[in-house]
Amino acid sequence: MKDVDRTTKILLACGVLAATIIPLFIKARFLQHILVMVVLYAVLGEAWNIIGGYVGLVSIGQAAFFGVGSYVSSYLFVEYGVNPWIGFIAAGLITALFGFLVGLPVTRLRGRYFAIATIALGQVMKVLFENWERVGAATGLMLPLGKEGLVNFQFHTSKLQYYYIGLVMLGIIILFMRHMEKSRLGYYFKAIRENEDVASAMGINRTAYKLIAIAISAGITGMCGTFLAQYSLYVEPEYMFNHNISVTIALIAVFGGTGNILGPILGSAILLPISELTRAWMGSTGTGIDMMIYGAFIVLICVYQPEGLMGVVRNIQARTKAQVQQARRGANV
Amino acid sequence: MSSHAKLVATGVTKRFGGLTALNEVSFTVGSGEILALIGPNGAGKTTLFNCLTGFLKVDGGTVEYNGLNITNWAPNRICGLGVSRTFQVVQVLQGMTVLENVMVGAYLRHPRTAPARESAIAALERVGMLDRADALAVNLTLPEKKRLEVAMSLATEPKVLMLDESMAGLTPTEAAEASQMIRSLRDEGLALIVVEHVMEAIMPIADRVIVLDSGTKIAEGSPAEVVSNPRVISAYLGDKYAKHVIN
Amino acid sequence: MYLQLTVGGLLLGCIYGLVAMGLSLIYGVMGIVNFAHGAFVMVAMYASFWLNRFIGIDPILSSPLIALLMFFFGVIVYHAVIGKVLEGPFLARLLVTFGLSIFLINCAQFLWSPDYRMVENPIFRGIRMVGPVFIEVPKLMASIGSLIVAGLIYWFVRKTKTGLAIQAISLDRMAASLMGIDIERLNGYAFGLGCACAGAAGAFLAEFYYIFPDVGTMFGLVALVAVALGGFGSTEGALIGAILIGIIETVGGFMVGSEFKYALVFLAYLVIVIVRPRGLLGWGAD
Amino acid sequence: MLRKNWLSRLLVATALVVLALGSTIALAAETIKIGAVYPLTGAVATTGADCRTGVELAVDIINGVYDLDFPFAKSEGLPNLGGAKIEVVFGDTRGDPTQGMAETERLITEEGVVAVIGGYQSGVVKTASMASERLQIPYVLSDATSPALTERGFEWFFRVIPHDGIQAKNALEMVKDIEAKEGTKLSRIAILWENTEWGANVAKAMRDWMDEYGFTMVADVPYAYRATDVTSEVLKLKSANPDVVIHASYVSDAILFTQTFKALDFSPKMLIGMAGYLDPSYLSTVGKDGEYFFVRAVYGLDLAARKPIVAEINELYKQKYGRDMSPNAARSFSAPFVVADAINRAGSADPAAIRKALLETNMAADDLISPYEGVRFDPETHDNVLGKSLYLQIQDGQFRVVWPFDLAAVPYVFPFPGWKK
């Protein structure tokens, strides 16, 4: 057991080190772009994981929060010249509040009724923003180009800064989730996922904790919205509230494995580049064959590895553990 | 010694459509007392539990705890006051370990993890399941799950504990251990309401017995009084007779 | 004017309803939310298109054939994919059809390019005046067809032995299997039947609607909402939900502004489901 | 509503990078690279492919020797740079803004292009041009018309095609002209637009100009892109009883609306369409039902009657692609010439020099196959001040130029004869 833990730890440390250092040597802007997307979606996947993986409320409408967040900071910046970092925080807070308010009615729903309600929410938000003149309606908002630098949350010459900001976000969320997993919050979330009646009988206020979860998840997702807005310096309803953002987030989390911290990171780190590779080799033909492969891939995962990549990892771990034990037993004999 | 606790039900009534599942059931239970709730299948015992703990809304009557009207409160609030229950069809958090299950209960009184863990371990020890602490709940045997459920309830540090058929399926030795535990809980000042189908196990330890039949309280008294009550005998005999016919 | 809108909504709702009933049937029997249903409609539309192009059968006339083909297609899909995840975790069951949908849509793009196509010279076309109301003949035919299919499904599920067995599965899998019902086979039938509904809907749509790889997505999404609105597992609920959506879309779109019409549909879902967390006629587990 | 397949579109992908790395080494020194981003896959892939052909032909003419009275045709490459050739590197936006930006950046940083053209969708151009602005590379747009694009005050961004404001103005001018000629009154105008960045801009421009020209707007109807049914929209139009309907739409909705107009027997005196109505698959899908619609364009084969060069270039196009040049291909055709002209005058492939030359661009009407009066950029907005659009009418299954009258190939048909034709 200990040995396995130690190897995991070493592997993790290597992973962190690699994630920090290797990008420094990547000069190709397009590869940097992929890296940025990987960290962004890893954070989004973790945010999804809080409600989807821990509390067990499957959301297919995260784009609603993502879009709201992107608009909060962009609007503040365009209209009042508010620094994007303040906008970033404001986006987190306002989106969390929004998630809370939406959650009041929606968390009453269970299972697929909840899932479909989130789809509906995403679509409604998109239409509302498409018609909201104040925030530019369908035209969206352009963020003016400013001086590049950390203060302005804009970088022009390289994308690595975006990557590292994303990495820091990911680091913070991982620390938060590690803490959460070991605290009452995490236990209560899981209890609600496992059995709502038992959770109630144990004195857990289900509604309150679901609302907490949805607010946290929405807040983080909203901050990611600001991140993408600063990255592309442009927000538009069709772009920021896109249903496919919601689907991709859920897919990444499920692909990686839900209910644990590593899953969505693995999911993002593998699924995004893989789908890029299929595209790279076959996408320019315009025949859709890359997406065919992508779709088939998801089906195969669901059929043959329904626990996600973490399921594979766990199997391997269990096997090594067994081997270690066997080896030890052998040594003792 | 903890403060005195008292749960009073007055005229609790519950209907499902046209069927009256509970008809004006009243009783009182206080600290240091074991109240046994017996009755044939479908008598409304579990429904009564659900009504007392907020899982079902009552259609009439009141439930009071230490003078506080808790009728139709949310289950978690009732639990928070110190009224805890187990389920007839065993319900545990399948995907979590035994210790984690109990910690979920313990967090109610100990928001921080370290004390919650200690309290959970104590509860597990109490039901004799400490050796299974790292097992996944889903892998437990049925009697183990029942014991786990009791440990979870205990971990919420209740003043009133309601056990729904916690001894069903136990071997005689295990049942004896369970009885011993229930008795010691009473001695610590808990109020216990115990639903049990196995009369042999519960009668010796009960201080008072309530008999339900078709949603109505037909008898209340000491075990000896109840057993000799003609209405009780007919209800049970009728039940048994009916069973014979089916089998 | 409102009469015209209501009639339009009713006709639209019947077509949504046909898609939705298949979805609901599949859900009711095996608890799968089929996000690929729109893609099935698309496949059926292409099938009708090619039948029309090469053999010259009008889509409405070929609809029984298309439904049959789609039935077999569904059975195959069930045994190849869906059946294998039924025992899997909730998320896998939820997402497998997403993958299937992406796969099918891009297959279509690969095979038939992203171009728009339209059946040439359909038999049923034009409009009829009924009193003050214009009625589009192809939509009317499609709606009638959809009601016929609804009747057939009702008859099948309530009156035939297979139908009753399917119903038994949807009520209690365990008990049904104990009673000796071959769940795998019947699940396959039910899935096929759901696809056949999508097939019929696709054939009817092909009569008057343009065809391209992504065409089914919106129909699938609206049908999904219709099913949830009516209550998962209830085919009648699905039809009612779909008609309701059709009417909300046309009448509501006219009154509030058509740019909001899909928002209205989704909002209606949110409101109804919050008042009745299991939809209008829903039952069973979540 | 699943308009863009988001994830997939994130990625034009590593292999392209690999390809790029390989190809950079192989390049000869005298080749000047320019980048072109188009939606080559995804929902508007057909249009993207069409645009690409226009660019390819333009580059052929610039690089090769052709006996045409057209810029760079007779010479090989760019004369002022010793016959240096232009190489176009294509990037696929998949119609997604993030992807458009990433592709533009890749072309600039990995491929080393000195200018960027293309985009097609206004939303994508917004981020793509942002990328070129950030990296200080000129972007010459000849195919997206949202006015917002040039309102940003970008230094490196230039647009050849007239934006929606000018096109809207032209539409209303045409209506005025027809009013005058027919001696009738067409004051009641309805606008119908898809609720996207582009549609909203068209609508805005229309509203602005409508007052100016003294029209009354009787209906202003936005709708959700790619709707399943548009009965309520058409009934709304019908109840407003307009003389003229102006419709901003991509191809799928253009098809659906045409059918619903017919089904509900809605026949105003004039129907004016945009964008989607020009797509080759519009006519092939609706067939005869598209007859007598007016369509906005910046190209028409009929221009050959007044500009012989149009026919000659179409002939070259036909040789290469086996069909007539479409308006979309023709739109894209002009950008490479504007860029080549600037590079040639700058005498260098330095982006800053190109930008300076672009500001001094002064191309004549004869140097273009579009109906523009030339190309000259406004010093502030960098819009082409000489831009002008055409109106075509679908007659016998063909797009015929009917306005401006001095360029018209055939007389227009007015009023719309109704659906029982």
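Brief remarks on what is shown
Per-chain numbering from 1; labels A, B, C and D assigned in written order.
Basically, a residue touches a chain if its C-beta (ideal position, glycine included) is under 8 Å from a C-beta of that chain, and two chains touch if they have at least 3 such contacts.
The structure displayed is predicted, hence computed values, not measured ones.
Central chain assignment: A. Criterion: smallest distance from chain C-alpha mean to the mean of all protein C-alpha atoms. In this structure, the chain pairs A-D and C-D differ in their number of contacting C-beta pairs, and the larger number is found at A-D. If you average the Cα atoms of chain B and of chain C, the two centres end up 48 Å apart.
Between the CA-based centres of chain B and chain D the separation comes to 76 Å, rounded to the whole angstrom.
Chain D has its Cα centroid 37 Å from the Cα centroid of chain A. As a whole-number value, the distance joining the C-alpha centres of chain C and chain D reads 38 Å. Annotation for chain A: residues 123, 127, 130-131, 247, 251, 286-288, 290-291, 294 touch two or more other chains.
Counting partner chains per residue, chain C shows two or more touched chains at residues 102, 113-114, 221, 257, 259, 262.
Multi-chain contact residues of chain D (touching two or more other chains) are listed as 1-2, 5, 45, 195, 222, 224. Per the touch definition, chain A reaches chain D in the complex via residues 28-31, 33-34, 37, 123, 126-127, 130-131, 137-140, 142, 144-145, 156-157, 228, 231-234, 236, 238-239, 242-245, 247-248, 251, 272-273, 275-277, 279-281, 283-288, 290-291, 294.
Here chain C touches chain D in the complex through residues 1, 4-5, 8-9, 12, 102, 113-118, 120, 127, 134, 136, 208-210, 212, 214, 217-219, 221-222, 246, 249-251, 253-254, 257-259, 261-262, going by the rule given at the top.
On the chain A side of its complex with chain B, the touching residues are 182-184, 187-188, 190-191, 193-195, 197-206, 259.
By the touch rule above, chain A contacts chain C in their complex via residues 52, 58, 105-106, 108-113, 115-117, 119-121, 123-124, 127-128, 130-131, 247, 250-251, 254, 258, 286-292, 294-299, 301-303, 306-307. If you check the complex, the residues on chain D that touch chain A are 1-8, 10-18, 40-41, 45, 48-49, 92, 96-98, 101-102, 105-106, 108-110, 123, 126-127, 130, 133-135, 146, 148, 152, 195-197, 199-201, 222, 224-225.
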